[in-house]
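Both complexes shown next keep chain A, but they swap its partner, so chain B is in the first and chain C is in the second.
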Partner chain A sequence: MSRIKILKSVTFIALAIIAVRLFFIQIIEHGEWVAKANEAHTLLETITAKRGEIYMMDNGEPVPVVLNQTTYSVIVDPAVTDKEGIKNALEKHAKSYITADIDQVFSTEGLRYYIIAKNIPHKIATAIADENVSGVWFQKSNQRVYPEGETASRLLGFVNADGLGQYGVEGSLNHILSGTDGLLKTISDVNNVALSIGNDNVKIPAVDGKNVVLSVDRGLERGIEELMQAAIDSTPATNAAAIIMNPNTGEVIAMANLPNYNPANYGQVPDASAYSNEATEIPYEPASICKNFAFSAAINEGVMTSSSTYYNLGYEIVDGWTIKNAEQRATLNNHTLDMKTALYWSLNTGSIHALKLLGGNPEEITQQGREKLYDYYHNKFRLGRETGIELIEAAGYIEDPNEGWGRNSTYANMTFGQNLGVTMIQTATAFSAVVNGGYYRTPTIVKGTLENNKITPLSREGVVEDQILTNDTSAMMRGMLINNRSYKVRAGIDKPGYDIGGKSGTAQVIVDGAYDNSMSNLVGSYIGFVGPSGEMPQYVIMTKMWGAGQALSGSEAQSLFDTLSNYAIDYLKIKPNN
Partner chain B sequence: MINQTTYVTRRQASVSFVRNRNTVRHSKRSLGSISQIVIIGMITLVFGLIYVAEGTKATGFDYEISSVESEISEMTARRDDLAVEKARLTSVAAAKSSTVAANMENATVTGYVAD
Partner chain C sequence: MNRKHKSDLVILFSTLGLMILGLIVIYAIGPMRANVLNSTYGADYDQNYFFLGQLRSVALSIAAFFIAFKFVPYKYIKKFAKPMMIIALILSGLLWVLSIAGSSLAKCELGECRWYNLGAVSFQPAEFLKLALVVYLADFLSRKREEGAIGSWREFWLPLLIVCGLSLFLVVVAQGDLGTGVALISIIFGTLLVAGVPAKQYLIMLALILAVAVGAVATSSHRMERIHAWLDTISGAASSDSTYHIENAMLAIGTGGFFGVGIGNSVQATGYLPESINDSVFAIMGETFGFVGLFLIIFVFGIMLFRMLKVADHTADNDHRIFIVGVFSWTLAQVVVNIMAMTGLVPVTGITLPLLSYGGTSMVFIAFAIGLVLQLSCYTSREVIKNENISSRRGVRGTHYTSRRGRS
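What follows is the complex of A and B.
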């Protein structure tokens, strides 16, 4: 065979092999190769929606308290990165952002990827990039920024590493703040630049989250937190919580929980309870504060007035249990007292008498009395139910009036705020109805969403505005509550020209399934209102102080109320009526 | 035999005219196969260049868009930085710890002018 024939044969075989291979690639393995090509050239990424910011009010204007900031992490490959270059650049521009021992990172064998600095703001990252250090990458991310530091952290919550709002407003309004991520699917070049060539490109723009404006006043919030901290420092209390709300609108203008935590470093807490908003998430027994509700019910039913009388033995025996008054003065025991005096001295026998009157029999607690008290507590004051405020809430509980053992003693205890579980926001909202003319209004802490400097109210379902008490009942209760603080006026604690009324509560705590009768575990609460003399109250203030294993009575919470009410009068510029 | 010098018939005259007129020879010509390939190749090339030019033009816009988007991203980051800086400077915490605040006296009494 001639050489030319051999050459021809070889060429033919080679071409045949190529043709067969092409046939396999183009026809048989077509799908597989298309997938590989798409994988190599298709850019598929989520367009992250910008999370909405959170604002508080300040002099009638919204001011940001939670913002977003683009930050960068510095990544090195110890095998190729200029160690001295990046070390010098970081120490020069971003020393406080270094998160690793750079010498150790570079001396670790086999390490090809390490983040050596985090959360670097854009300006500083640009300065580092301008140093042109070889082998350095910048990874972009979004970070929540809290210009007010720890202020109101348990109200605001935080955003976790997955971008999800947790606790507080961040958690409850996550659906409004987070927006909707978009999608980009397109052909890209080697530098990952999206190209418009190709038929299957998809670009769904992200819908940014909405900015939320809280009704909370920034300065007031900060101010009362400082005062609360001072109260904690001067008592055995380790915790304190407070709410200030407008009883005429249901708007909360301050909600504080101490101790706070640093939301920018939210992992540094002893346990998850540090994140809870005590005012809305933790039901408790507010004790004698509930006498306001039992008295209001009896007055509203027309079976009692502030001057109605009963004989105070100093104790009551119900279902075989002896229920004593905390106050055992000789001038009170075995005396006929009016209900105004009973409320002033916070006598449990007085509130039990109100329950008896509700049942139509002043001598004993009846089924009718229990059912009426339940109707007021649960259906009218909405205790033991979520209020509908735009925050994470716990419902708590109110015992059924007819089921279970010892109903009478349970309901007797409920008149002075034990044997039930309610949150502070439930209590403050119900108390607002007691003093505002009798109107129950669903509390709110959100003014609306902010766009182009315009606040648009949120649409809310199930908002309640019911008159649950008569105006006369409310006026009588205000009178008794003002009387409760008459000595505060005399002592110069309450400023003249204002109507300030209130009621304390000292609650026993359940330890190992039973009330701790040693009185070494007590939670102190106080609730009251503030307004110019002769006018409707402008603000309701509730305080709570406690500490594990500490006996905090209502008097500590009352002192805190005194401080906060005077601060609020000045801060909110409530004018006196002389 | 007809003496053609003495008498010319009309028919003969007509033939004579045809014979004497200017004529052009139209021969059938065609391109060779190589020329056809070259021309088709050229046309394909031109269309190909037009297609590539259009494609490149679209891709050029993509790079421009990418550049503008990067710039927007940069500006947004700078704007956010400034917003954060402003919020920090105007925060209650910053105001309280400022030298101006440190030199202020605490308010003790709030007075109101009678209405």
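What follows is the complex of A and C.
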């Protein structure tokens, strides 16, 4: 064979091998390669919806209290050559944001991706980008900003690292605030930049979350939190909670839980209980405050008035248990007293007498009495049930009137607010019905959603507006509650020209399944209303103070109420009637 | 020498056709390349940067092609065979010295210094070395054959080993350019074959170079990595940084299918495939034009190569024949090694696809060489010249034209 022919053969064989190989790759394996290419080239990206912002009211105008800010993380490729350029650019513009040792990151072998700075504002990110250094990327993220700082943090909640609202309004209204993420599916280049090549590009735009306006007044909230902090500082209490609501509409205009936490640094709390909104999430025994509900029931049933009388021994034996009055003074014990006096001195024998009257027998507690009290507590005042406010709530509990052991003693206890679990919002809402003419109204803390300066109310299901007491019952209760505070007027604590009524409550705390009889661990509450003299109440204020291992009677909570009611009168410009 | 006649039109048109095709593809993918470099490395390339660069290269190459074809008679080139070879070796050697000295005149990429940095342009001496070696071997081998010294150790093998060994050392070891090394070996063994080296000696030398090549690969971790990457890819083992290049080349070719995705629709060129406009341009063509397009490209290269052999077959002058086969071997090596690497048949060596890849020096020199082949195609006889095997005529001086019938 001629040597040129050898070359011809070599050429032919090589080219033939290539042609066969190409046929194999391009025709036979084509489908597999297309599948691999789709996997490698398709960019599937979530278009993040913008989270709605949260507003409070201020002088009748919505003002933002939780805002969004776009921040950037800086990612570097430590394998690039211009290490000095990157380092200089970062140190020049974003020194305080750097979260890692740059030199160490750069000297790590094989590292191609490192987040070197976080939470950089747009302006600084732009400045770094303008330095035109290679091997630097920015990753956009949304961050919540809190112009009010810690104020109302346990009402507002926070947004976790996954963008999910946690606790407070962020948690309960997450579905409204979060919006719906969109989707981008497209062919992309090696840097994940979408290309116009390809036919099956999908783009579902994101639906942004809605801005939510709370009925809470920003200035009032801020003001009462300062006063509450002062109260904590001057008493053994470590915690305080307060609600101010309009009894005529059910609208909450302040809801405070102290201590607050810093929502921008929500991770730094001792435990998760620091996040919870005491006013709606934690059922407790509000104690003598419940006497209002037992008295209202008996008066409304027509079996009792404020001047009905009973003989006060100073104690009562029910189911073999001796239930004592806290107040044991000689001028009260073994005397015939009217109900107004019984409420003034918060006598447990008085509220047990109301329960007996409900049962139709002034001498003993009957099944009818238990059932009537249950009907009022559970069905009318809706205690032990979620109110339906736009927040995370606990239901609490009310014992059944006909089942279980020691029904009579349980129900006797319930008349002065023990052996049941209710939340502050349940109590304040029920109390609103007691003083507003008898109307139970589902409480609300949201004005609506805000778009283009227009507030659209949320559509809510199961809103209750129900007259559960007569106007006369309510008026009689207001009279007794105002009487409760008569000495406050004399002492000059309550300003003249206003009708201010209220009731305290001191509850023993259940420790290890039993009441702590040492009386060293008490929770104090106070509830009252404020309005111009001779007019319907304009605001209901409830306070609660406690501290682990601290005996806090209703008096600390009462002092706090005094402070808050006076502050509210000034802040809300309630005009006196002289 | 035969009377001058018309040149080989097939070689002429296939050369021009391939250059224009390369220009079209660079026009389509050049902007993507610019985008990738701009966004990944913060470069600032104009959208038309690569197209204009290729346009300049093609213009220079066509000029070189026609100058070689029409204006520089091969006999003049031949006169400078030795000086050219010496200059080529000095240029490569000097680059090595400059790169060791860290001079800015030596342009390095990824640790390999293969270019002279001449301000706005760069020059790759290895490309000149390939041309010089073909010219030198054509002259040397034909002279030795005339002298009847082929196969002699002192007169033939020793000088040959020195020149070829030095060339390979400078290219493969000093410049780390395995691709050009393969092209040089192809040139050496292609020309030796038609120069009439005794078959036994030829095979011994071939075995020797293969042993050296295996040794060189086995002793270099960098080269072993390429072999491993190649084996991993063809065996479908897990992907790694090393297998990335081959995988993405095959991904581009595979997605092309029968007709391709069409000009401007390549996705792999948007940054997935490294060297998309230079060494990997064949893969992008596979994605763009499909099997039909690649088959056509191989067909064009094929007929061009076969025409070169046909011209060689019909060329009476030994030095002409050897020169043509040298250019043929050069082209064949680059085409086959480049395409086989892109299709996973051999490891990636980093070699351009002649006339199609982006790049100035390589295209200008191969165009010049093919231009000379075209010039020589004007002097063929109609008969096939059967004189390559001289094993039976050792020492018969001056009779090497006896078999020429000279009808034309």
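What we mean here is this: the second predicted complex is superposed on the first by the 515 of 578 C-alpha atoms of A that agree within 3 Å, B and C clash if a C-alpha of one lies under 4 Å from a C-alpha of the other, contacts with A are read in each partner's own complex, and residues count from 1 in each chain.
To be clear about the criterion, a residue touches a chain if its C-beta (ideal position, glycine included) is under 8 Å from a C-beta of that chain, and two chains touch if they have at least 3 such contacts.
It should be emphasised that the depicted structure is a prediction, and the values quoted were computed from it without experimental measurement.
In the overlay built on the shared chain, the residue A:40 is in contact with chain C alone; chain B does not reach it.
Contacts of A:26 after superposition: chain C is touched, whereas chain B is not reached. When the shared chain is aligned, no partner comes close enough to touch A:61: not chain B, not chain C. In the superposition on chain A, contact of A:3 is made with chain C only, not with chain B.
When the two complexes are overlaid on their common chain A, residue A:132 makes contact with chain C while staying clear of chain B.
Judged by the touch definition given at the top, the superposed model places A:535 against neither chain B nor chain C. Between chain B and chain C, more residues of chain A are touched by C.
Note: residues 193, 195, 197 of chain A belong to the chain B contact set and to the chain C contact set alike, using the contact criterion stated above. Across the complex, chain A meets chain C through its residues 2-4, 6-8, 10-12, 14-15, 17-19, 21-23, 25-27, 29-30, 32-34, 36-37, 40-41, 132-135, 187, 189-191, 193, 195, 197-198. Residues 63-65, 67-70, 121-123, 145, 147-149, 151, 193-197, 218-219, 222, 569-570, 573, 575-576, 578 of chain A are the ones touching chain B in the complex.
Per the touch definition, chain C reaches chain A in the complex via residues 32, 35-36, 39-42, 190, 193-194, 196, 250-251, 253-258, 265, 267-268, 270-272, 286, 290-291, 294-295, 298, 301-302, 305-306, 309, 312-313, 325, 328-329, 332, 336, 339-340, 343-345, 384, 386, 388-389.
Contact residues of chain B toward chain A in the complex are 55, 58-59, 61-63, 65-66, 74, 76-78, 80-81, 83-84, 87-88, 90-94, 107, 110, 112, 114-115.
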